[in-house]
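One chain, subunit A, appears in both complexes that follow, with subunit B as partner in the first and subunit C in the second.
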Partner chain A sequence: MNRNTSLGGLLRRPEAGACLGLVAVLVFFGIFGGLTFLQPAGMASWMNVAANLGVIAIPVGLLMIAGELDISVGAMVPFGAMTVAVISGHFGLSIWLGIAVTLAFGVMVGLLNGYLVIRTAVPSLIVTLGSLFAVQGVVLGLTVMITKSTSVALKVQGPAKAIFGDFVFSGQMQVMVLWWLLIAAAYVYFVHFSRFGNWIFAMGGDKVSARNAGIPTERMTILLFVFSSTSAAFVGMCQAILYNSAQVAGGQSFIFNAIISVVVGGVLLTGGFGSIIGIFFGTITFAIVNQGIYYTNFDRNWSSLIIGVLLLCAVLMNNTFRKMALSYAPKKGAK
Partner chain B sequence: MGQETGRTILSLQGINKSFGPIDVLHDISLEVKAGEVLCLLGDNGAGKSTVIRLLSGVHQPTSGQMVMDGKPVLFRNPREAADHGIATVHQFGGTFPLMSIGRSFFVGREPTRWFGPLKLYDRKKANEIAVKAVQNFGITRIDDGDRLVGGLSGGERQALAIARAVHFGARVLILDEPTAALGVKQATHVLRIVNEAKKRGLAVIFITHQVMHAMAVGDHFAVLIRGAVAADFRKGERTREQITDLMAGGETMADLEAQIETYMDSHDGHPPQAVSA
Partner chain C sequence: MKLMTTLIKATAAMALMATAASAANIAVIGGSNDDAFWNKIKKGLDDATPGVVANGGSVNYLRLQNYDNFAPDVVQLIRTAISQKVDGLVIPDWVPEAEDPAIKDALAAGITVILMNAGGADKAHELGAINYVGNEEYPAGVAGGEYFAKHGQKHVLCVNTLPGAANTEARCKGVLDAMTKAGFNSEELPLPTTSFGDPTAVAEAIKATLIKDGTIDGVITISAGDADAAATGIQQGDKVKTVALASFDMNEAGLARIKDGTQSFSIDQQPYLQGYLSVALLASAIDFGTSLPTFPVLTGPGIVDSANIDATLAGVKKGAR
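For the complex of A and B:
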């Protein structure tokens, strides 16, 4: 059982494309931008982007593996930021209450998304497109009604600031990076080492067979939607605590960025294939391209072009690797 | 294997099923015995799939009774049917193309082991058991549980699904058109596996519309026409032509040929034009 030792074995894994992509962008920016972006200050710049995106990209990727999609995360980020800012900033209530209510709202939106998806035959893209706009409307409407403004200040001190919205390691890296590593490790266990991960892959492979095999597909679907919307609310909340303010707009970039990270990370859009490590590397790759451009002499307007090309290359590469994995059969005595 | 050959395991008694105003099955009575293959034959739309769905707990009968081991049973969902030892294998094996053999073999019943405080999926054990179970059915080419199911041939996938059902204690094995999408050689493979399952004392319900395949393994045959059992006979009681005629809805092939001949006689020897779409 030495599936991980040979080069071929590595290439057949879902994260193969993401690893090669990461190496490619490292080389690219190493040549054109020097190695400054690998020094602490440079590293912090893309690690911060990767961490905030990564906390959302992993549950979004899990939903994709299970054959669903959640784009309402784009509204959940400002929603999370605004909820904690209104409760703990505008009304001056305890920050812990603000955090609890924010996460509870995240869970509620996730339950609603999941429930609508399993009860109606409507594709989750449409359901969450609906909740994306609905939540945006709620955030804007309620914020202006309560505070008469679209921007709310929030001042947090003490342990809550240190845990959720501060800088660590000589003041450049956000504490979110630690959260990301912790959460990613927990997901790796959940998806690749516990039995529940197997259920998610089975659901993405064939939902009817999965249900017939006794997997509680509906409960798992709802759970995954709760993960994604709560994670997005969490990221918004932490940003509000970090920057001492919350805006009603912003957050939409998370939708496409999360999907790009997930796809670059080797997850199959139609479900049933992918890995957390792949999503992790996909997110770093995206963040390096996003930030690395500042370390080169290129006009930063070109960064979207690089991301677009990267995405297409990644998809083609991942297709090739998946075919290799499918057609793989061990040959007797061959090396 | 525990089960006494020839004993009735599961029977349907006067089953009716309607979906709203549409009657799909009328007064179906069938029985399956341990170590026997019941072939369920019938044209498309004859109600074969509905019978399978009743047996596997997807639907419930409108009236009539299902009896298992002499006791009336009602399966409210697929899980309950599975708990009673009824396993259904669909045309494409009902497996997951992008999952490994070990993982898809144990979907929903993953073996786990403890690693400190964490409960882990036991990949090694799963792969070993899965490969061994498939090899016991004569598919010796499968020797690596990490291979993806999508890389297997159609026959190997069927073997995997049947081995899985047997491993998890199935007593009644429902095979839904297992040979329909396969080539001749692959189909022979599957038929051999059906025989193997029969030898182990399983009651097999084999759904097909290929009479040749049915005759190769069947002990007992039931032909469904428009939701009713049109014929119920044992091995050797009917010829292949008779069965084919029955499946075509009672209209014999001989009649059909006669009709075409008459038509040709009256149309200067031209056969009837096929009506295109």
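For the complex of A and C:
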């Protein structure tokens, strides 16, 4: 791979726009929110939100790069939370069993989503819309049948709490932040330094050509759906362990928030273009815009307006840089 | 002879009344089943059902599948109940503009109506419903504010994850008004929709607000799930000792916090009683012609704190609280 390391080359990388968007919102809230926003407690504020969202946003973004969409993550978050809470909270079984079953369910739903998408000609938006409702129904039905309640308490202690649902770094940062960094690094390798990455981009560009070129598009599609639903179940599970409680509702905001983060991160809605680092920056940008408000003196009733305008600015900035990147051609004669 | 005729007439009339009214077939319209709150109402009406069945009647729960097409769906359910020729209807008057014409049609069709959960006493009088069984949000907020003021809190934050909704605004306004009346400080924290359903976003918002304003010594959330997030936010802001936590409605984790002392109280509208009492009152009115002088029948606010936590926990185990 030939990488251009000059300034112009860096600006044309897919994550450049996302990075600049992030800097812009940081400066904005640095000015209006003051220093507390950038101190450890303030930083933890948006890093925690970004981490929970980011673990889901990366696989959702990969699906979008590959030309698919998974909105069932909105149901997988409460599903993951409730599964571990029912097994380890309501029945009082081992937390490790709860974790294993939760992740196994995540894999199963992902396999089902992927299988339905490749076997039927139905767009993945519709397939996962179906599984979104179906999973919500399963969570509700089973939870009420088993526990006679829609909110289940869970008390976890010991290593499981420390690994999945505790705070690190002077008790401010959720352990999820470490998970997120670890998972993001693994994805960066997977997408940008292994052959799988090029397959995903090729699938998003043109699926038929990709298959004709010998890429196992069907297996890759299923794999990506397994990633996204398992990640969402994982986040729900960790939240239940952290907050000692699981609700059947909730988690729906992750659908929209993940897609926004991915788009702010420079991924094209039509697929075929984007990067993991970009999604990473996009997620932080979204979290900062969301949480930064609380460090400013703006009237809280204007929060949504500020969030909307800032996100739009971030995307517009991104688009400008993407156009520069896509229309760039080396000058004739230049090496 | 004259006596005989009278007796026969009376017996015939009684028999007629008995056949016409013995079986109180009741339709109950209610919220979707993934709503924790409505499952407690359902538990209440399920528990009242055997009494209705024992007198030859029946109870049919017509629930909304979801809240996406809210008003038209509710009206459709009212029309369904009318077409089933039920004797009694338990209905929450959520959207009066849309529902009232249908409720009036039900009354015109001879159906006895009782308002439950939403609508209020004035609406029940206006429509001609026999009673209103439910909660009023504003007094619940006032009860919360008074509890804070009485227990030494001087600056209370009401966290509203659903700003703009009439009921959550009324809850916060009640808290604010009661605190103001007691001479203390209070404010509302409205959160954007992007935070709804994400406990981390809610927790971090509360933490940030507490760090920014060190005088806040009380936090109340508009739902029980939000209080789980608020508890973490308070702990993260290192404010467990100085900030008292409370919530509208309650869940198991919140009750555990009340039990171990990290939450001050919860305000419960006791939904179980709404389901139980509305069905029992309506069936008894239809079957036996009773009427209750208490109007409206308020089922809340009920405060759950360290004083009554054990009995409450027993109710939770059975899905009634």
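General observations
The rule is short, and it goes like this: the second predicted complex is superposed on the first by the 322 of 335 C-alpha atoms of A that agree within 3 Å, B and C clash if a C-alpha of one lies under 4 Å from a C-alpha of the other, contacts with A are read in each partner's own complex, and residues count from 1 in each chain.
One rule holds in what follows: contacts are C-beta pairs under 8 Å (C-beta built on N, C-alpha and C of every residue); 3 or more make two chains touch, one makes a residue touch a chain.
These figures come from a predicted structure and were not determined experimentally.
Look at subunit A after the overlay: subunit B and subunit C fit there side by side. In the superposed pair of complexes, A:D206 makes contact with subunit B only, with no contact to subunit C. In the superposed model, A:Y328 lies in contact with subunit B only, and not with subunit C. When the two structures are aligned on the shared chain, A:Y189 is found in touch with subunit B, with no touch to subunit C.
Once chain A of one complex is fitted onto chain A of the other, the partner contacts of A:N198 are limited to subunit B, with no touch recorded for subunit C. With subunit A as vertex, the superposed Cα centres of subunit B and subunit C define an angle of 130 degrees, given in steps of 10.
Touched residues of subunit A, counted separately for subunit B and subunit C, are more numerous for C.
Once the two complexes are overlaid on the shared chain, A:Q157 sits clear of subunit B and of subunit C alike. In the superposition on chain A, A:F273 contacts subunit B only, with no contact to subunit C. By the touch criterion defined above, A:S170 lies against neither subunit B nor subunit C after alignment on the C-alpha atoms of chain A. Nearest C-alpha atoms belonging to subunit B and subunit C sit 32 Å apart in the superposition, given in whole angstrom.
Every residue of subunit A that touches subunit B in the complex is listed here, in rising order: 1, 3, 189, 193-195, 197-199, 201-202, 205-206, 209-215, 268, 272-273, 322, 325-330. Subunit C contributes residues 33-36, 39, 43, 163, 188-201, 203-205, 207-209, 211-212, 224-225, 228-229, 231-232, 236-237, 251-253, 256, 316, 318-319 to its touches with subunit A in the complex.
Residues 36, 41-42, 44-46, 48-49, 52-53, 136, 139-141, 144, 148-153, 155, 167, 171-172, 174, 239, 242-245, 247-254, 256-257, 290-291, 293-295, 300-301, 303-304, 307 of subunit A touch subunit C in their complex. Residues 56, 78-79, 82, 88, 90, 94-99, 103-104, 106-110, 112, 118-121, 124, 127, 143-144, 146-148, 150-151 of subunit B are the ones that touch subunit A when the two sit in their complex.
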